[in-house]
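Note that the chains are named A, B, C and D in the order they appear, and that numbering of residues resets to 1 at the start of each chain.
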Amino acid sequence: MLSLDHARTILDVVLKTGTEKGFKPLAAVVLDARGAMKAFAAQDGTSLKRGEIARGKADGALAMGLGSRAIAKMAAERPAFVAAATHAVGGSLVPVPGGVLILQGGEVVGAVGVSGDLSDNDEICAVAGIEAAGLKADTGA
Amino acid sequence: MLSLDHARTILDVVLKTGTEKGFKPLAAVVLDARGAMKAFAAQDGTSLKRGEIARGKADGALAMGLGSRAIAKMAAERPAFVAAATHAVGGSLVPVPGGVLILQGGEVVGAVGVSGDLSDNDEICAVAGIEAAGLKADTGA
Amino acid sequence: MLSLDHARTILDVVLKTGTEKGFKPLAAVVLDARGAMKAFAAQDGTSLKRGEIARGKADGALAMGLGSRAIAKMAAERPAFVAAATHAVGGSLVPVPGGVLILQGGEVVGAVGVSGDLSDNDEICAVAGIEAAGLKADTGA
Amino acid sequence: MLSLDHARTILDVVLKTGTEKGFKPLAAVVLDARGAMKAFAAQDGTSLKRGEIARGKADGALAMGLGSRAIAKMAAERPAFVAAATHAVGGSLVPVPGGVLILQGGEVVGAVGVSGDLSDNDEICAVAGIEAAGLKADTGA
């Protein structure tokens, strides 16, 4: 089970990684396996709904059981399916990299969503955070 | 009229077929002619919103009066129409195979939606379930 | 973790209990700890949205971490809070008995919602189902 | 303007206060003046939608420009107005204590929402957090 300690370590390292690499201000969310939010932070300067984009990446990953990079590939190949799935799950599904499943002992225990810079950079931060907490990241690559 | 006995036979055979064929964990729903849920089951290991995807296939089939394979074809040919229809019906319409109408004496008495493996495989399970209950399946092919 | 075997045992005994006691046709749902549906069944003769009422009892129990009998008491004492909480959680929260938490080893692993007869009778069926599966029921009493 | 440093100090002290006082597990959110989330944390053991309740307290405070204790009073005196306002603002407005405005130099710079224990206790934590960050709390009392 994903603890708040895990979640806060993940968030701290996500934001620190973005700052060190000179990325734009990031919003980052950590969800548990239920899709409930454990922790969230938005760096100063993020736009009004940047957090909702980050959340949509993490929600989509949990909804489909796939890192959002895999959902991005699916959206390129089968756009009608991903558009429809987005509606079917209630609207919060953003099919670009940066929604990363958190695995512990082979089981999905949550997901991280990061948004603010290029999607590939957002994903780098998410993975760094998850690994710093001693957990395994699945980006969908 | 679709009875709960019918619906449970359908579900049992859908899930058994998936297991025997080595498909990924499935979520499956049986709706009656009104679009009300008669029965649902999610095998262990399905992702958070897999059931909503299955439901969207069955809802879409009933909404349009077409097996979802026909709606998938329509989405490829007339994407703007299917996107608009999805909104118009409230969002639950997933235009890929696996949403199969149930016919009895030539009349639509419900629909089955299956999701979890490839869409073609999901549809195989749906048809097997409907036929095991002595009813007729319309995939939209 | 709540398995599909657990969920189906619960459903079978919920419906059998209702039939044996001569209750009206029931709709019953079993949710896992994530709030995802594991299993659902509606007996023949249930009204169009009876399943949604059952679901709202189970959703509300998980949302608040309380059997729905406790939420019913809260609704009598603090109606504005429960009305507002209903909106805040997205609308699916029905504050009457019959939404029962499922406990295993002291942990919430899911919830059962039953609707169709008097709320007290709905709850009797939910508890019978949970106990038949060797799990512990928390009605909120 | 409310910085992320402010928000994290607030969150840390909210959760520390709850733990020291032996309160139930808390969910706490800090919103900026725009209603955008700056930071969120849910202690281990919070129920599925506890975070949405906390958010509804903070959203309501910002929506009305009043600490949620004042909105609770309004809900007791004019229930139809508060019910209508809840709809009008989109549903996220929980009229019980624990949604506290954050003031800096006489200006509203954000709001804190806390949920998990009794509403009065939730509010105690929110105020402790805001004051620890060197800001002024307006509970609506």
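Following the convention adopted for this analysis, a residue touches a chain if its C-beta (ideal position, glycine included) is under 8 Å from a C-beta of that chain, and two chains touch if they have at least 3 such contacts.
To keep track of the chains, here are their UniProt names: A, B, C, D = Heme-binding protein.
This one's a predicted model, so the numbers in the text were calculated from it and none came from an experiment.
Name the chain pair with more contacting C-beta pairs, choosing from A-D and A-B.
More contacting C-beta pairs are found at A-B.
What is the distance in Å between the mean C-alpha positions of subunit B (Heme-binding protein) and subunit D (Heme-binding protein)?
43
With chain centres taken as the means of their Cα atoms, state the distance from subunit A (Heme-binding protein) to subunit B (Heme-binding protein) in Å.
30
Using mean C-alpha positions as chain centres, tell me how far subunit A (Heme-binding protein) is from subunit D (Heme-binding protein) in Å, no decimals.
Distance between chain centres: 25 Å.
Can you list the subunit A (Heme-binding protein) residues in contact with two or more other chains?
34-35
Quick one: do these chains touch in a line, a ring, a star, all-to-all (complete), or other?
Topology of the interface graph: other, matching no listed pattern.
Write out all the pairs of touching chains, ordered by chain label.
Taking the chains two at a time, the touching pairs are A-B, A-C, A-D, B-C, C-D.
Would you tell me which residues of subunit A (Heme-binding protein) are touching subunit C (Heme-binding protein) in their complex?
33-35
Touching residues of subunit D (Heme-binding protein) toward subunit C (Heme-binding protein) in the complex: what are they?
Touch residues, subunit D (Heme-binding protein) against subunit C (Heme-binding protein): 46-50, 52-53, 55-56, 60, 72, 75-76, 79, 82-83, 86-87, 91-96.
Once bound in the complex, which stretches of subunit A (Heme-binding protein) touch subunit B (Heme-binding protein)?
Touching subunit B (Heme-binding protein) from subunit A (Heme-binding protein) are residues 34-35, 62-66, 78-81, 83-85, 87-91, 108.
Please output the residues of subunit A (Heme-binding protein) touching subunit D (Heme-binding protein) within their complex, sorted ascending.
1, 3-4, 7-8, 34, 36-44, 46, 48-51
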